[in-house]
Structure formats: structure tokens, C-alpha cells
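One structure is given here, and the rest of the page talks about it.
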Amino acid sequence: MIGRRVARGAIGVAGLLIAAEAAGASGLVDPALLPRMSAVLVEAVRLPADPEFPPDLLSTLRVWAIGLLVAVLGAVPLGLVLGNLRRAELASRPLVEFLRPIPSIALIPLVTLLVPSTEVVKIIAVVYASAWPLLINTMYGLKDVDPVAKDTLRSFGFGRLDVLRRVSLPSAAPFVMTGVRLASSVAFVVTVSTELLAGGVSGIGVYMLRAASGLRTDLILACILWTGALGLVANILLVRLQRRAFRWHAVAAVGES
Amino acid sequence: MLDVVNLAHTYGHGPAAHRALDGIDLKVAEGELVCVVGPSGCGKSTLLRSIAGLIRPTEGHIRIRDAAVSDRMGDLAVVFQDYSRSLFPWLTVGDNVALPLRRRGMDRGARRSAAAEALEEVGLAGAAAKYPWELSGGMQQRVAIARALAYRPSLLLMDEPFGSVDAQTREDLEDLVLKVREHHRMTVLLITHDIDESVYLGDRVVVLTGSPARVAGELPVSLPFPRDQIATRELPAFVHLRAEVGRLVRARDRRD
Amino acid sequence: MLDVVNLAHTYGHGPAAHRALDGIDLKVAEGELVCVVGPSGCGKSTLLRSIAGLIRPTEGHIRIRDAAVSDRMGDLAVVFQDYSRSLFPWLTVGDNVALPLRRRGMDRGARRSAAAEALEEVGLAGAAAKYPWELSGGMQQRVAIARALAYRPSLLLMDEPFGSVDAQTREDLEDLVLKVREHHRMTVLLITHDIDESVYLGDRVVVLTGSPARVAGELPVSLPFPRDQIATRELPAFVHLRAEVGRLVRARDRRD
Amino acid sequence: MSVTTTAPPAPPAPSRPRRTRGALTALAAQVWLVPVAVAVWEAAARVAESVYFPPPSQIATRMYELWLTGPASRLFLTDEALDTFGPSLGRLFGGWLMACVAGVAIGVAVGRSRVLADYVDPVIEFCRAVPPAALIPLFIVLFKTSTQMQVATIVYGVIWPILINTIDGARYVDRVHTDTARVFGVRGARRLVRVVLPSAAPKIFAGLRLSLSLAVVLMVVSELVGATDGIGYQLMFTQQTFDMAAMWGSIVVLGILGYTLNASFLLAEKRILSWHRRARQTT
Amino acid sequence: GGGSTPSAAPSAEGKALEKTTITVGALPIPDSAGMHIAIAKGFFKEEGLTVNVTQLQSSAIAVPNLLGGSLDMILGNYFAIINIQSKKGGDFRFVADAYQAKPDTFALVVPKDSKIETPKDLKGANIAVPAVNSIGEMAAGSTLRTVGLDRLKDVKFQQYAFPDMPAALATGKVDAAWLTEPFLTGVQKNAGARKIADTMTGAMADFPMAGWTVTKKWAEANPNTVAAFQRAYAKGQQLAASDRKEVESILPKYTKISPQDAAVITLGAFPTTLSANRIQRVADLMLEYGYLTEKLDVTPLLVPQPQ
């Protein structure tokens, strides 16, 4: 069962890579401009051997993990508050909706001016960008709670906070978890993008900057493969967590088996 | 104990508004078991939800032990008509029953054993570790009943609590409610569609009219206690009362 | 029409596995109305869901008009026990009833009027424009019944379809089912907890044992048609059959 | 109000002025934080006196000069404003709509088919961790014109929340609902439109709402490379020329744009999901 | 910024350094070769100074890093720094010169089959530059001016990173690109692109490109560190200026330029002194081209070199 799923997934990924290779081989994409996928794969496999790469990788992972954690710890409770207190939600909405579309690219130079650490700037950028999916999904999750379930607890005399903790939160948890999965990849994207934009001592993006200096598009693409792979692994872990924690959700509501 | 005065409730506004309750007066004494019958859609659940403080009545007021409904809450339990949605799918059956007991200040062990006992009483001894969605409809309904009984509320509200169980189980549950009420001096308000049941269980039967619900009539049930499924139902008084309630129900337009 | 052979179903795997059905054999002839009774949690809904093709039996097989269950589907309708969740909250009551009718090749107007007619028959004439969550429990259940009847299936499966309505409405709905079945030559399989109801409605009553369900016995009901709520129930044959079914039900262990 | 002491009893329905006052209070409850925030910002900026953080008043003046000194016939918009906002909005909507259609379509397909999901899940998870900015070299090669490239960047960047939320929503449809659809033979496109999509709608809308402001972000990102116009270009250009007030002006425009888009979106959502809101309301 | 220990390791001169560890930001381009040679050869260590290099992507982000305190020193693009200085976006000091254009270091190229033969044909063209309103735009503008074209009216500049320019050229998104090494050599070799003009001639000949930049505050707070830096850096820069082999061997170490490429690419000059006259050219030309609105005297911006 698990084996079959892994095999299918591998076939899917292989299909993507083969398509990319075919695009290069058939001349659809000029190999002078973009290296062939086979060449990129070779570089990707060789990357860990480059002594500069592993520290870069670890640095990216650290910023990602810290940023995601801070975002979850901040945005989910905020989402719970805003999802529950209609007044607070209404009052903060203009501000939130004003801030949401402002790209971190515009903010990074400004934050850099105020914060004397590149690492912290990156983390701020990650938190800023990945907080939104968490916030929005948490708020929508709360809207989806069955009123009969809430009424049940209320009728036993539980207060708002208890209803929130014992009904709304578990019931919205799958929704929130989807938000976490979204935020996880946003955090990856922003970490690497920030490294690309702002540089720094280390990080996959910094490695890509260096690779760009030597016109090594193959290395850049190899780095992209690594980012994708990391995102994939992170997601597998999160999905596993989700399956384990919310078995009731999958079993109680899944469609065809 | 419970004092409902001139209660009215209207759902929605404007042209789509629907008046569900209209000038309901109802008094329930401490320890009394009152059954409410009335046509489908008349407003029984609305009445019950108002008493539980879940919806705010448009007019009139409700007092429980002389306190307005909204400020109190906590010493009552409700078995919802929509029992399957009132169970939490992320908790096991045992945890579902044990959850409200937190309000009773019981520790973990006490909660667990109280839940196990209540489940045993409704005939679900082995089900504590299962999830609600692993149970049949009737079993879910019994879990909801167990949860309410384990809570030992002073006011118990039940909305068609035995609709999904077989005849034999139903009789057992009826007797269970009588027993628990006796032991713990609960006040019970029970909505049912079964006229026999209302007479068998109740100290008094309240009949509601069709939508919007008004009180069509009340009937004290002066059958002796303890009641017995076979003996009580054979009493001429029972047969008479049952016919009486049936007449009250039928006397009114059933539908709006 | 319907042919269930040696049907067994087990939920889950390993130590947590639960055997719900065990070697069920059941034949229903074209146009027959069979009532199934059995203790709560024995496996009635499981049987019905297997016949509807919603769960794949672990053993045995089911054939409808000599076709295996999975390849056919479409000419049957189900009234689910969990009726409130089987209504789509995003559709009005009218649309809920009309939704499946497109398969009958009806155009928009025909669908709408068929839905209106079915709603009228279950006593919900004015409710077509409302949403399911604006209705009381019993009204929702009647919507589910209306949807199944309007569909005019050749096989109708009903899982405790009258559990949430008052006595009078229940009788009307029972007679409605009999009438529709008569007019449209439907085959009906109806699960109920009410032994009286099973005898009143059925051509045959099938009694299941406790979990795992086996067939405890079958009883042909040879009461004359058309049946009448008062006259039929007064017949000595009715009283006898009802006692007979009661005995069959009681003869077996009710619980696992 | 002055003379009559024998005023008739108040009518049961709220009178018109009362209703307007109610609406005004509601509006005030929604926007009171904005003037507060602006005032705090103004004060802080004046105290800090940093060229990088000009006070809102200065930003507003600059925005007015840049964009609102045009002819009245064009709502006072200047050529500059039209040249900046027009193309950006075009790419923004183009990209977002394409992402919506593709995201919902693919999401439903993947969400409803276990087998398809097995094959493409890893590919999706792989792709969405790749920053659009890092793919620009690829897009330069793959797409003919700069506009195509920019739209592709937007689509690539914003499709993920829609896709992931749709997959999840479509996958976890209440079993009783799918069962009902099955036994009544509601299948294919009809089942999709009448059962799966409405059931997944709350999640899909969460994704759409997320992606809408993300589209604004990606619009900016896409205009950093190979553009000659647009708000993102303007942002970068003013940054390069060190016109800080104008740069902040662009940021404010992005914020206002995002807010407006979101407000319109919520209006649409309120209509489409009204059943959901009302069904989920505790009375 | 780097872990500073005010408690004073003595420099070679004997004066205590205010900071013994400094973090500098640089782009992975040949401009910072002198610095990397000085690090590699241990010249900073001899002064008791540790220099950490942070990778930067553009001057646009370098300046906020410097002002915000993440970095002590950056490799500042003169054009960008002078622009911000003139607009009071910061008060900067140059501590050492780093890189200077030479013939053929920055050129305009067009695709192989382009109809554009000479700069004259660029009328109406889209030209890729690494940043708008930058030295690249000015250099290309100066070339255009020599053939009577106006950079504002006759062409459009689009922003592309150097590594993306070859693809942008090949797919026709731009008609010409302003490129530097190693991309210049690469695009000619791989895609057969043609060079139509060397932009670093005439007014732009030997144009100063980049210098090591600190804030005024930092320079005043750390005079001894600045002096120690200047002494050590000068040694490295001296090697870069006098021995191309040194540059060729250091380039692959801090960029991904391969040793083979490093051997063939055209390099600029590595000036060993910081000359007010030379830097003033930048400000004057920026004024002439309208990038500055008033004259700016650069002399106060230079930190005198230690004797």
C-alpha cells in the first residue's frame, strides 16, 4: 500500500524530470541557454560534496525552521482570536489586508535598515510571508465548525474559551494544518528568495548567487532541485503528522476508499 | 425550578421570518419529569434550545431557579436531536462522555470511571475506546444519553432521545432515565413523538400545537411509581391517559 | 430482484476488527416490501449500505436483477439514517429533492414540479425555498424521504426513515410509502425499530440477531391490502404477527 | 425633537435615520484602526526624521504629484499613473484568473482521484517549494515576451494556495454527502458542480483569498525583471533613484490595491458562501 | 556587525584597534579580488584584524545593510553611493579604491543574427542593464551620446541580472545587453553574440567602479581599524594590480568562475591609491548626465590613506 504510493510518486517525479530532459534533447529549449536536466541532476548529486554547499543548506534549513515556527506560534493564536472576536477581526481587517499584498522584496531593504543582522532580517521576512496562510486558514477553519458541536459544549456550561479550545480548535485543526503545509513551502520560497535578494553569509540562495557569478546555470538549477526536494521532504513529514494527529478527520470524512 | 413565561421566538427577519414559538408558558417543579409532545416542526427543539440558553428568545423570559437563563448555565445537560453532530469526532466515545465532567472538578481517573459506568448503563460497555463514527446510529444516540446522564445535571433536557434505538433498548433506556432521575433528584424535560412514552415516563405531559407552537394542553400523569414496562402499560389509567394525550394532539391542526 | 448471498462484512483489520454481518442470505422479489428489524448496532445499516454498493462486502455477494452491485447503481434510492447529513446544506430543500432527477431525463421545469409534488406529499408544501438547516429534524427527515420518493427508483432502501416525526405524520408517511410502492411498482427494503410498523408495512419481516448480524428468522405478513392504520392494526392476524416478530426479536441475545 | 412630549411610541422597526446611524457605527467599527495607525506612523516618522521613513503626509503629497494631477476627465489620473497601474493590473488579473481556473481544476482532479494524487502529489510538493524568483532564468528561456514571462511568474507563484486548499477540500467531502450523490446517481460534472465544489468551497475560498494578495506580491516580483512599466517597476525605479517618498507611495498603492481586491473578494464570497455562513451560525 | 572586542589587540603600528573583527559585504565579482587576496595571504591577520565576507547581490541591498549595522563595510558602487549621499540617504566614507574600468571590461552586445551593427542602430532598442538608474545605464548612455542618441528618449532600459542577460538576448526580450566579465566572454563564446561597442571609452575611460565604503560614524569611531584595514588591503590590492596570476588564482575561490575562464577574461584595473580626482569624475559625470541635481565634492568622503 505504502510501497505502491511511493512507487507512483517516484514515477511522477521521474516523469517531470524526463519531460525536462526531453525538452532539452529535442531542441525545444536551447541547451546553450539552459543546461540539460541530466547534467543538472549530475550536479545536484555532486553538490553535497562541494564543501561550501552543506553549510549553506543547513543555514537555509535553520532560517526556514525558525521562521516557520515563529509564524505558527504567532499566526495561529492570532487567527483564533480574530476568528472568534468579530469586532477585532473587523477592526484589524483593513490593516491586515493592507499589509498582506506588500511584498517582502519591498520590505527587506527597509527592515535591513533597522535590524543589524542579516539572519534576523531573513527570519522576519519568512515570518511575515508565511503568517498569512496560517492566519487565513485558521480563520476559515473556525468558520467551518459545526454549530451543534459548539452548542453541545456551551450547554454543559463551558465558557467561550473552553469551547474554543475543546471544539473550535480540534475541529479547525485540519484546516490549520493545511495552512501549515502552505506556510512551510512559503517559508522555503521566501528564505531562498531573501537569500537571493539580500545575500548573506550562507544559504542555498547565497550559493546560487555565487554560482551565477560564474555563469553556472547548471549549479543554479541543481540548487533549485535541492530546494524542491527539501520542500517535498518537509511536506511528507507534515502530512504524516497530519495523518497521525487527525485520523478522525480522514476516516470520518474521506470520500471513496 | 424552571419557569418559562410568555416565550416567543422568531427565526430570521423580514418577509422570510418564521415564528416558531408563540407565548409559551411552562413551569416545571424541582424533580419533576415533564414530557413535551407536538407535531413535527412545531417548535419543540426551539423551546428546548431556548431553555438551554443556546438561542435568545425574541420575547418573554426563562428563569431557572430564579436566575435568568443567560447568566447561569452549567448545571444542565442536553441530549440533542441531532445527536451524531453533537459528538466530537476527534474524541473517543469514552472521552466524549468524560469531557463535560471536567466542569464537575473530577480528576482524570474519576472522569474515566464515571464515563465507563455511564456507557455500561446504556449498553455500550465495550465501546469506550472507539470513535463515534465507528458506531451505529443507535449507539451514537446512546453515547449522547450516557454523556448527559454521567454529568448528573440538576436539569436534564432531552430532545427525542430514543428515536434511533430498537424497542427493547428503548425500554431499558426509559427505565434508566427514571432510575437516574430518582437517584439524583434531577428535573427532566423530555421531548418525544411517542405518546405511550410520554405517558409512561412523565409526571406531566405538555402538548404543543403546530407552528408556531403554543401550549395546547397539559395532562398530569398520576400513575404510580416505580413504573414497570409491562405492568404500568397494562393499567387502565395508562390506556386512558394515552388516549387523552392522543386526543389533545389530534385536536389541533398538525401543520401550518 | 435483490439477491444477497452469504454476505459478511468486517470493519477494520487486526485486533480492532469488528464483524458486523455474518453470512446473511436474503432474497427480495420484484415489487416486494421487506422490513428488517434487529437490535441497535447489529448491522442493519451495514447491510443496507452494502446493498446500495457503498461498502464492499468482505465475503459473499449481492446481485440486483442479476447484475453485480458495483456495475449497476443508479436505479435505487436511499433514505439514510443520518438524514440531516445526507441533505446538502448549500442547496435549498427544493434543489435537494430535484438534484437526482436530472438522471431521469427531466427538464428543469419537470424537475421542479416533481420536487414540489414530493414535498407536498410529505407535508412540506411551503418549504421548497428554505435551506435544510432552517428546518426541524423531522422536517429534514421528510425532505430525505421526499427526495427518495420523487426519484421513483425501482429499489428503495430506507434506514429508519420515520424515527424523527410525530405519530400522526408517521402514519401518513407509512401510507404514502405503501401508495407510492403500489403506483410505481417499487421494491422496498425498510429498516425499522418499530415492530408494529414492520408488520403494518411489510410483505415480509426479516429479523436479525445481535452483532454480528445473522438472519434470526423471517415472517411472511399475509395481511390484506390496502392496509388501513386503524382497521389493519385491529385485525387479530396483525396482533398475532406482531407478537410473533416480538418473540423472534427477544429470542436472541440483543447485545454482543 | 423639542416640543412634543406626547411623542407616539417608537415604531417597532428601526427608523431610517437610526438605520443609517447603525451603518455608520458599523463602518466606524471597521475602519477606526486606520486613522489611528496613520497617526502613529506620522508621529513616529516625524520623531525619527529618517529619509528612509518619510511621514505619511509627505508620501501622500508625493503620490498626489505623481498620479493625481491629471485632467479631470480621467479622474485626475496622470499619464504616469495610467502607464504604471494599467499594465500591472492587466497582468495581475490575467495571472490570478489563470491560476484560479488551473488551481481549482487540477485541485479537484487530484483531490478526487487517489491514483492521480499518488502520481502528482510529490511533483506538486516539489514545485511549490521552488521560489518563482529562482525560476526566472527558466521563464526567460521558455516564454517569448516579457508579458508572458511576468504572467507565468504570477501564475506559478499564486497557484499553490488555491491548489492545495482545493485538493484538501475536494478530498475530504463528508462521506454521507458523497454516498448520497452516489446512490442517487449524481455523477460526473454534475456531482462536481453540485456536490464536490460546494462542499470544498470554504477551503477553496480560503485559498483564493490568500492567492489574491499573493498575486499582488508576485506582480511586483515579476516586474523586477525585464519590465519597463508597472507598479513593481516603479517601486524598484524609485528605490534606485532614491526617491523614498515615491517608493513608499508605491507600497501604499500596493496596500490599497490589496485591500480593495480583498474587499471585493469578500463581497463575492459573502454572496456565494452565504449558505455556509448561515448554516454554521450558532444562534 | 561582527564580534567586536574593544579590548584592543595591538596592530602592527602599535595603536589599539577599536574592532578586531569586521564584516564586509561584497558581490561575487572580480572587483573584490584585492580584498580576497589580502585575506588569503594573511595581510589582515598581520594587522590583528579578522575580515569576514558576506555575499551580496546588489548595491541596492548593500547600503541598507551598512546603515542598519549588519555590515561594517561594503564594496560600494561609486555611482550608487554618490547618488544616495547626494540625496542625504546616508553619510559615507570611502576607505580604499577597489576596481576601475579598462577597455573591453563593460561592453554592449547584440545577438548573433541581430540587424544592429553599430551603436547608431540602437535607436528604439531595448537594452538590458543590471539595474536601472545605475552605472550601467550611464555607461551605455555615454556610448549612445557619442552617436547622437539620447538615453532617455531613444532607448528603453530593462533590468536583468547579468547571468540572465544571455537568455534575454537569445529569446529576443532585449535587443542589446550591457555586459561585463565573465558573462561577456561567455555569451560571445557560447551564443556567438557580437560586441558592438566598448562602453568604457571616451568620457568613461578608466572609470572608477567600486570602492570600500563605510559610514562616516563608523570611520570616526574606528580610526585605527580603518588604518589597519587600509594598510593590509593595500598589500593585497598591490598584488592584484601587479600580478594578474594572483587574481586568476583567487577568482575561482570566491566566485564560481572557473580557472579556465579566469585565465581568459578581461579584467579591469585594481587601483592602489584612493584619488579624489578620479572619484570626482564620477560625481561630475553623474551631474552632467542628470543623475545628480547639484555638484558634489567628493574630497570629504575620502578617508586619507595611512602613510
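Each chain gets a letter, A, B, C, D and E, in the order it is written, and its residues are counted from 1.
Heads up, the rule we're going with is that a residue touches a chain if its C-beta (ideal position, glycine included) is under 8 Å from a C-beta of that chain, and two chains touch if they have at least 3 such contacts.
On a predicted model such as this, the values are computed, not experimentally measured, just so you know.
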(message) If I count C-beta pairs in contact for every pair of chains, which pair wins?
(response) A-D
(request) Averaging each chain's C-alpha atoms to get its centre, pick out the one most distant from subunit B. (result) E
(request) Could you grab the centroid distance between subunit A and subunit C? Build each centroid from C-alpha atoms only and quote it in angstrom. (result) 48
(message) Distance between subunit D and subunit E based on Cα centroids, please, to the nearest Å.
(response) 40
(message) Measuring centre to centre with CA averages, how many angstrom lie between subunit B and subunit E?
(response) 82
(message) Show the residues in subunit D shared as contacts by 2 or more other chains, in ascending order.
(response) 52, 137, 141, 174, 224, 239, 276, 279, 282-283
(request) List, in ascending order, every residue of subunit B touching at least 2 other chains. (result) 11, 49, 54, 82, 85
(request) Any chance you could list the residues of subunit A touching two or more other chains? (result) 30, 33-34, 109-110, 113, 146, 151, 154, 196-197, 217, 220, 249, 252
(request) Over in the complex, which subunit B residues touch subunit C? Could you list them? (result) 11-12, 18, 37-45, 81-82, 84-85, 123, 126, 134-139, 142, 159-160, 163-170, 193-195, 246, 249-250, 254-256
(message) Under the definition above, what is the set of subunit D residues touching subunit E in their complex?
(response) 51-52, 136-137, 140-141, 143-146, 149, 224-228, 236-237, 239-242, 244
(request) State the interface residues of subunit D toward subunit C in the complex, per the touch definition above. (result) 174, 176-177, 179-180, 182-186, 190, 194-195, 198-199, 201, 275-276, 278-279
(request) Could you pull out which subunit A residues touch subunit D in their complex? (result) 4-5, 8-13, 15-16, 29-30, 33-34, 87, 90-95, 97-106, 109-110, 113, 132-133, 136-137, 140, 143-147, 150-151, 154, 174-175, 178, 181-182, 185, 188-190, 192-193, 196-197, 205, 208, 217, 220-221, 223-224, 227-232, 234-236, 249-250, 252-256
(request) Mind listing the subunit C positions that touch subunit D in their complex? (result) 49, 52-54, 73-78, 80, 82, 85-86, 88-91, 99-100, 102-103, 131, 133, 147, 151, 157
